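Following this line, the structures themselves.
Each of the next two complexes has chain A plus one other chain: chain B in the first, chain C in the second.
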Partner chain A sequence: MNIVVLVKSAVDEAELKADQSGHPVLKGAATKMSAFDMNGVEEAVKLKEKNGGTVIVLTLGGPEAKKAIKEAMAMGGTKAVHVLAEAADAPDSLGTAYCLAQAIKRIGAVDLVVSSEGASDTYQGEVGAMVAEFLDLPFIAYAKKVETDGVKVRCEQGLRGTVRVLEARLPAVVSVVSEANVPRYPTLLQVMVAGKKAIEDVPIASLKGPDYPDTGTVVVDVSVQSASRKRVIFDGTPEEAARKLAGALKQEGVL
Partner chain B sequence: MKIFGAEQERTLGSLYGAEAAEVYSALLRSLSVVLEEEVAPLSLALDEGKEGISRPRRVLFDQGLCKLPHPAEFGGMDIPFGVYALAMELAGAADASTAMSLGIHNTVADAVSRFGSPEQKKRFLPALLSGKKLAAFALTEPTSGSDARAMHTTAAREGRHYVIEGSKMFITNAGEADLYLVFAATGDGHGAFLVEGTNPGLKVGKPLKEKLGMRASHTAEVRLAKCKVPEDSLLGKEGAGFEQAKQLLDSSRIVMGMICVGIARVAYAEALAYAKGRDLFGKKLSDMQLTREKVANAAMETNASRLLCMHAARLKESGKPYSSEAAQGKVLATESAARTCDAAIQLLGGYGYTSADVHRHWRDARLLTIGEGASEVLRLLIASQELEKEP
Partner chain C sequence: MTGAVLSYSESPDLAGEVAAAGQEVAKMLGAEAVSLELDEVSPGLLTANKVVLVKGELPLEAIADSAAAGILELVKARGFGALLIAETRFGTIVAAKVAARLRVGSLGKGKKLRVDEGRLVIERDVYGGRFTATVASRLPCVAVVQAGAYEAADASPGPAESVAVTVGEPKVAITQTKQGQQGEAGIKSALKIVSAGRGFARKEDLVIAQDLASALGASLGCSRPLSSDLGWMGEEAHIGLTGAYVHPQLYVAIGISGQLQHVAGIKDSKVIVAINKDAHAPIFQVADYGIVGDLYEVVPALTKALKQG
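Then we have the complex of A and B:
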């Protein structure tokens, strides 16, 4: 079976720094495969290992996205398609989903599209569902277990203590949550081999048809959230201070 | 602490060029994720004896760390030695004992790869590179260390066998190893022998538990009594053993130096984080001039150590002599790591002295100014090569 897995190159939040004005320094910031996408790739590779076939890694982004693609390839991707969009041409979620859907149509016979629950940097969580809509395919969101017999896909969703089981005919689109699996560590040999695999570049302009949606969503500002603290100091002996602290915590409803 | 960061990426770029550095960066970045998530969190427990070394060692064997510099023909990856040395810096930063155990193991793999017969390579290399077999390097004796030529262990030929008699001391991986590379005096020189751990003539003494550092790695005496091995256990030619040991140690010194670069980086990062947060006299500890001197020294010495070790590694890769540079790199890296770790204890004050998570770095680094050639002997080696040069 042919599986497409959607991958995003996200800002490495562990390395992100803010400038004096409280804005994250995004220019030149380190990037990596979105952490949640590792679960998407793992699920796709597991399904391939069980059912045979291919896993096609699909991403949209600038040249820096090659790093994320290679990470996904090292985990077991068979081939990769990179929709190249420089920062100036980077579309919003709807435009991204449109372009990814067009790329999937070009790939041809695709049985299953796997996405993660959202990107680890922006966490919009929209693209998987939008791709399904553009492709006019069934969509199952937030799957924590995915199985397929090649005809249909069967997923489990965890809903506040209950489990809901859903099925859809193939082809379909499924988004998986991080509880779905534990992503594998690729071996160094797999990383090296992945680095040598060819990646098909597709310019974004070649995918935009007359029906390209222009929602006009723009990011106006990104700034670091300031956490306000009450800075209350309880004085007295340790016993007194502890009593006062416990009282204050009760008052706040923490205890 | 980010084990693989911009500093290592820049080093790769300057040494190997942008295109190759991209490939090697991807390898080391991937390795660093495993080191950060699966090895570094165990490091304190390993030092305290609450965790066994086989677990992190298995993780790194499975990753393929030991395959990096070896021929693809036998399951290796044909990656330049310098990249492997940088990988060992990262491993040293995650856990020094695990890195050293693997470094020594890989010296034996290096021995088989360089001096082994086609049959020996076929028989041992795939198992050594995958970690199916663990190896130990048995050169030092109770009364000979850096003066290895004075060894008392002998190997006498008996028909189609050799019989080894003697004792080896401070042997890393002893008791756990499946294969021992034993150096012994033969009739007209020395020989290196591959001895299976199951050989009834090979006995391992009690583990040396009172070690100052590198506490998770196993160290013990190895006794060889009527240890009979087939003649094809000899690595290369009879009489070549001492020269083989010298060549293997040249390589290994680069690796041990890089492990110390990793140790120094961790201690330095911990001290720096503390100094930035500790308030005293209305300032931060990091604002004090004497703190800044320590910070500057640590940064300079760590970078200089890495670059000198990598210079030796690049000379090795290009087939040029590198024995002196390897010794220089090892002396600088190990001694400066001990200084940096000592400065880290000083900056952390009482916390540095009482917390194993700080002082274990100093204890770990301290071994490597002794093992694999003591600093004093390496200085003699460096000086003798300098004095041979034309003015």
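Then we have the complex of A and C:
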């Protein structure tokens, strides 16, 4: 069974600094595999271990994305395809999905594409669904359990207060939520071996056909948010503090 | 003239809000605002917009595939200027599918929609909600509207125009439906929220939070680990970047550390209260009022103090 797992390299949001004008300092910022993609990789590797086959890590990003790719390879990826796009050429979500779908078509016989519920930097959760549309494949979103017999994929999905079991014929695209699994920690040996596995670089331009969707969607600005809160701490015994808090809430008119 | 601005939500709680967003955008574009409804008109739809009811040979809202297909059939026949969908997991999938099928821009999930030089502009959270990205797209395009960003009107909709579409079998089949953990209905529009985090040692202890919620007349929410990892509460109850964006008058965070991703969902609260035993928990940095202490002592004391008035 050939499984493609979509992995995004994301800026570590906790480490990201803003410059004096409030814009993020992205140059040289620390990056890592997007948090939920670890669940995607874990699911893909688990399915491979059960059913045999390969896990192909597919990433679109700049040169810095090699780090995330290696993290995914250390978790059990068989090989990797890196669609190279410098920041200036970074496409919007639809363009990203188009390029990933083109790359998957080139890989050839793919049975299952696994993505995660969303990236830790942008959290839009669109790309998996869009890849499925470009490939004209069934899409099961927000899966918390994934099973396959090589013919069909069966997933549990929690949505709107119900848990449903959804089923689709392979090939298919599935996005998993974080509760699907607990990502493994690779051993030092796995990390070292992964560092030597081949990564195929594919320039983004080579994937763009005449049907590339140019939607004119652009990020106009990114600025830091600021919030000012009162930050009053009430002390004393729990009863005293609670009484003071109740008084403050009454005064605020929020009771 | 620009095509109609369509608004849609499968959630009765959000249908009115997204209709209001559609009306605002339509006004800016000088276009018609149309509320799209699938299968049946939602009881929550309060709007002065024109209502178009789309019906398929199968229930369209049974699955995102069919909902997207129903919307696609309608827009292919009539065109559109923009499609606004209220933010839920279901809505997110429908928006992505429609954008991909039509090959139009997808602005993602955000608020403060505006029109600039003929483009639709949205503001959305990025980098864990620490930054705001302003994103613009040519028309027509698709956008997902954050809960609480618009206020539902209080009008009763006029008669709906009914449109029949044929969508075909979805590629995904539902083989089983079980009752899951119910999330708190309507948490996205709740005026008061008591929210529980991993500071609670056992599921049974949530009764302490529930008692406070009852005393306040508040809804009960939680941090992501409580719904996702522990399964103590329904998925819809989790608040933050990946869950509900809430905007209550009062938000009480109990045993929640206040990581970026949780805080992203509560920024629009009027008053934020934090109860945590760790004085250095980041939640205190974004709270108006705080008590440093053991929730097992502080929360019952607060419930009692509130009951005494």
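As a working rule, the second predicted complex is superposed on the first by the 232 of 255 C-alpha atoms of A that agree within 3 Å, B and C clash if a C-alpha of one lies under 4 Å from a C-alpha of the other, contacts with A are read in each partner's own complex, and residues count from 1 in each chain.
Please note the rule applied: a contact is a pair of C-beta atoms (placed from the backbone, for glycine too) under 8 Å apart; a residue touches a chain by one contact, two chains touch by 3 or more.
This one's a predicted model, so the numbers in the text were calculated from it and none came from an experiment.
Looking at the shared chain after the overlay, A:189 reaches chain B, while chain C stays out of its contact range. Of the two partner chains, chain C is the only one that A:120 touches; chain B does not reach it. The larger set of touched chain A residues comes from C, when the choice is between chain B and chain C. When the shared chain is aligned, chain C comes close enough to touch A:213, but chain B does not. By the document's definition of touching, of the two partners only chain C reaches A:179; chain B does not. When the shared chain is aligned, no partner comes close enough to touch A:147: not chain B, not chain C.
Legend: residue contacts after superposition of the two complexes on their common chain; A:89 is shown touching neither chain B nor chain C.
Once the two complexes are overlaid on the shared chain, A:14 sits against chain B and chain C alike.
Within the superposed three-chain model, A:64 lies out of touch with both chain B and chain C [touch as defined at top]. Taken together, the two structures place residues 14 of chain A in contact with chain B in one case and with chain C in the other.
Residue ranges of chain A in contact with chain B, taken from their complex: 14-15, 67, 70-71, 74, 185-189, 191-192, 194-195. Interface residues of chain C facing chain A in the complex, by the touch rule stated above, are 10-11, 63-65, 88-90, 92-93, 95-97, 99-101, 103-109, 119, 121, 124-138, 141, 171-183, 192, 216, 228-229, 231, 234-236, 241-242, 249-250, 260, 267, 270-273, 279, 284-294, 297-298, 301-302, 304-306.
Remark: chain B residues 2, 22-23, 26-27, 30-31, 33-34, 38, 62-65, 67-68, 77, 79 touch chain A in the complex. Listed in rising order, the residues of chain A touching chain C in the complex are 11, 13-14, 16, 18, 24, 92-94, 97, 117-118, 120-127, 129-130, 133-134, 137-142, 154, 158-169, 177-179, 213, 215-225, 227, 229-235, 238-239, 241-243, 245-246, 248-249, 252, 254-255.
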